[in-house]
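Naming follows writing order (A, B, C and D), and every chain is counted from residue 1.
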Amino acid sequence: MSTEMEDIVVVFKEKPVLKDPVFVEGLPGVGNVGKLAAEHLVDQLKAVKFAELFSKYFPPQVLVNDSGTIRLVSNELYYVQRPASAHDVVIMTGDYQGLTPDGQYELSDRTLKIIKDLGVKKIFTLGGYGLGKMIEKPRVLGAATDLELVEEMKKYGVTFSKGEPGSGIVGASGLLLGLGNLYGMKSVCLMGETSGYFVDPKGAQAVLEVLAKILEVKIDFTELEARAEQIDLITSKLREVEPPSEPKREDLGYIG
Amino acid sequence: MSTEMEDIVVVFKEKPVLKDPVFVEGLPGVGNVGKLAAEHLVDQLKAVKFAELFSKYFPPQVLVNDSGTIRLVSNELYYVQRPASAHDVVIMTGDYQGLTPDGQYELSDRTLKIIKDLGVKKIFTLGGYGLGKMIEKPRVLGAATDLELVEEMKKYGVTFSKGEPGSGIVGASGLLLGLGNLYGMKSVCLMGETSGYFVDPKGAQAVLEVLAKILEVKIDFTELEARAEQIDLITSKLREVEPPSEPKREDLGYIG
Amino acid sequence: MSTEMEDIVVVFKEKPVLKDPVFVEGLPGVGNVGKLAAEHLVDQLKAVKFAELFSKYFPPQVLVNDSGTIRLVSNELYYVQRPASAHDVVIMTGDYQGLTPDGQYELSDRTLKIIKDLGVKKIFTLGGYGLGKMIEKPRVLGAATDLELVEEMKKYGVTFSKGEPGSGIVGASGLLLGLGNLYGMKSVCLMGETSGYFVDPKGAQAVLEVLAKILEVKIDFTELEARAEQIDLITSKLREVEPPSEPKREDLGYIG
Amino acid sequence: MSTEMEDIVVVFKEKPVLKDPVFVEGLPGVGNVGKLAAEHLVDQLKAVKFAELFSKYFPPQVLVNDSGTIRLVSNELYYVQRPASAHDVVIMTGDYQGLTPDGQYELSDRTLKIIKDLGVKKIFTLGGYGLGKMIEKPRVLGAATDLELVEEMKKYGVTFSKGEPGSGIVGASGLLLGLGNLYGMKSVCLMGETSGYFVDPKGAQAVLEVLAKILEVKIDFTELEARAEQIDLITSKLREVEPPSEPKREDLGYIG
């Protein structure tokens, strides 16, 4: 057995000591909403990378940087210390979600073990909610581990809508809530509406606007707005060329 | 190894002490016959949930309740204490069967370990037998671990028909019989005929009518009948629009 | 870990003491040649079943006997004691091969451990060699673990033809040779030519005729010949209706 | 557990003692460039085979030699002792890469453990870079674990081009770099441009010409050139018959 690779290899650069931290996750998914939002949050809060997760549940792949150097695909953990707040923040983002169902479970479970160790008691997972059609003003849908949190989230403008998402929440944004329950953690999934056809900075902004209020942070959205304009430009040109076809049923699912 | 998640996590709310209990399983499958039947049985017998199974063999998914709260997909165990009967009852139902062959084996094996521990010696698994065509009066087909049980079941109106099901029984309803044999358990699979094209309360009722006689319980079928009428209405409208096409061969298999 | 099912469960009815036994394997594959041959050998030699292998590498399935009783899909081991010969015989046949590559490796490796324990030093694996066209007089192609065995087999009429089979031997019939090498066992694969389109008793007979000479046993082929005639009848009728289409490239592979 | 086969079985014929060895890997991939290059290097340097890796992550397959003998599919390790040089060489080639993502990770990780044990501190992985169109003079693209190596490689004529390969490096040639980093090894991936439509000795030669300079070895390319001419002949004939269709997007990926 000792000759086998660990299923998940966690490399810590640092083990931060944090003050009642909340955890925020945003990984690739529908419209890449969660990943865009988490990366923007890392930038804006000047979060510090302290750990990398490598895993045989990810694709067997290295990415090549512009300089010609490589890095193995991974998930990454960042922290933010906030002296003026009661809560520090831990953020996870990365290149991929687990490729298989059991990989998804293992990765979420390991993440929960790590953040429990850091003292996390509350989780926010970020994702997109695929509508299969273009949307002007994306709402932010929510799901949470208990009714009290549902009510609290409504105050921040989160929509809880019966039957949405109908097929539940698939992937890390769902599992961290579901498995987190077994670890006694309270959690919320925030889903920004998105067509699901493009990388969607608008959906990411909608999600972050809610999260900023919850975390009491100020976020500059200039960069996300610029990216959204670029994508609007591209999609409006595409719409001139061909009318959007009716989405297939299976395109509407939520993975986040 | 200690850093890995257990393949199957069993969370007991309670460890009931039961009197020579029989076990009834009904999980999603053809026409959802088994799951409908088991859920209706839980309702009618006011069965009490005592354990949940979570597993990386299920999809990485949480379901969202109407209130906005979530729950991780699972299989669930219920018990019924029956002072007037020689046998208490344990019932399993749930959101999914295992996604992979080895997941199916692991989940059935774990279920057998749990129910053996509870004193179960006899198993009834419920499922649908897909015909690939509409059926007015569904028969209940059977399969059992020994000839004595086959004869006993015939008295309850169960049909044992040479060459049916020709491709055997796939999934939990089959494995619990086959693996149960290795645990010295006697078991019967009851399969309600169904087109396999729709969720089929009629097939579920047929199965439960037989099981009610075996378990000597009274079951009110009003609710299942109402659901069957709704579905009859939908399907009769569909038949007006387009004649049913010949089913493809692979649609006829039985998974239960 | 103790809560997990074993990957392969071996149930011994008996642990026979055998005299320098040779091992014969025939499992489902191209034209079902290997399985037909091994089953006919079991019948003819009145071989005694002494062990069953169940495994989560097989489909999660029970088969239903004509009487309504079930049995879990398995591989089976038989033995034949031959007082007049220097070699007893062990035969393996079964319902399925492993579903996945790693299942194939695990099952072959376990089989080798079992038969090594029984004193086996020589292996014959039986299979079909798919030609993708109808064949009147099937040849028996061979492959072996060493040149001496190749020469010996040629004397029994086995054809060794450069570049056949071009894509090697896939499945149990190949792995038992390849992994058997690591256990110091000498082995031969005998492949009966077959169209690969039908269950092929003719290919099975060809293989058994060679094996009968090697094992110095007498085999009555009446039953296989009768089945071959039935199949000839069916296929000749089919050929009247539609001319055989050119086989696709991927149909030609050998799995045995 | 002791009854299970090891995931990877390493059979050493010899444990060579080597002088600060560099490691070269070339396995099947796009245009088979890496494997062709590694095999040619083994021939030219008269490298000695000292270990074989068998694994359930490879197909369950034996290959049949022209003589009728078989060999289990494997990866192979060779060494070259070079008294006049500061560095001995270890070369890996083989029949397959791992079939699954986790198999890829396990095989690369085991390879790293083996070569670390041999004292390797520097790795060169060889592969093809699929262009999806015919190419006259293939460039050699590179990727490396650090900037110093990038600069060093440029001196040998290796091209580092922003955005190439855009989708990173998938398979052993990538993982050995990415995982090797965790073992403190410095590594370079050399990718020969190739259409990806044919086995491509020209791409292999381009890669080897660079590697020969780095390793300070003399390599005769007569054989590779002859094979390239043969393939040019075939492809030029094909082009007369039908014009090359536009490659599909997914054909352009790099696996090496």
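Definition applied: contacts are C-beta pairs under 8 Å (C-beta built on N, C-alpha and C of every residue); 3 or more make two chains touch, one makes a residue touch a chain.
Fair warning: this is a prediction, and the values are worked out from it, not measured in the lab.
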item	value
Chain copies touching (chain C, chain D) - same or different residues, decided at half shared	different
Turning angle required so that chain A lies on chain B, C-alpha fit (0 to 180°, nearest 5)	90
Separation of chain B from chain C, taking each centre as the mean of its C-alpha atoms, in whole Å	37
Centroid distance [mean C-alpha coordinates] between chain D and chain B, Å	52
Chain B residues counted as touching two or more neighbouring chains	1, 7
Chain contact graph, described as a line, ring, star, complete graph or other shape	ring
Residue ranges of chain A in contact with chain D within the complex	1, 3-5, 7, 9, 11, 54-64, 66-73, 99
For the chain A and chain B complex, residues of the former touching the latter	1, 6-8, 98, 101-102, 104-106, 108-110, 113, 142-147, 150, 160, 162-165, 168-172, 174-175, 177-179, 181-182, 189
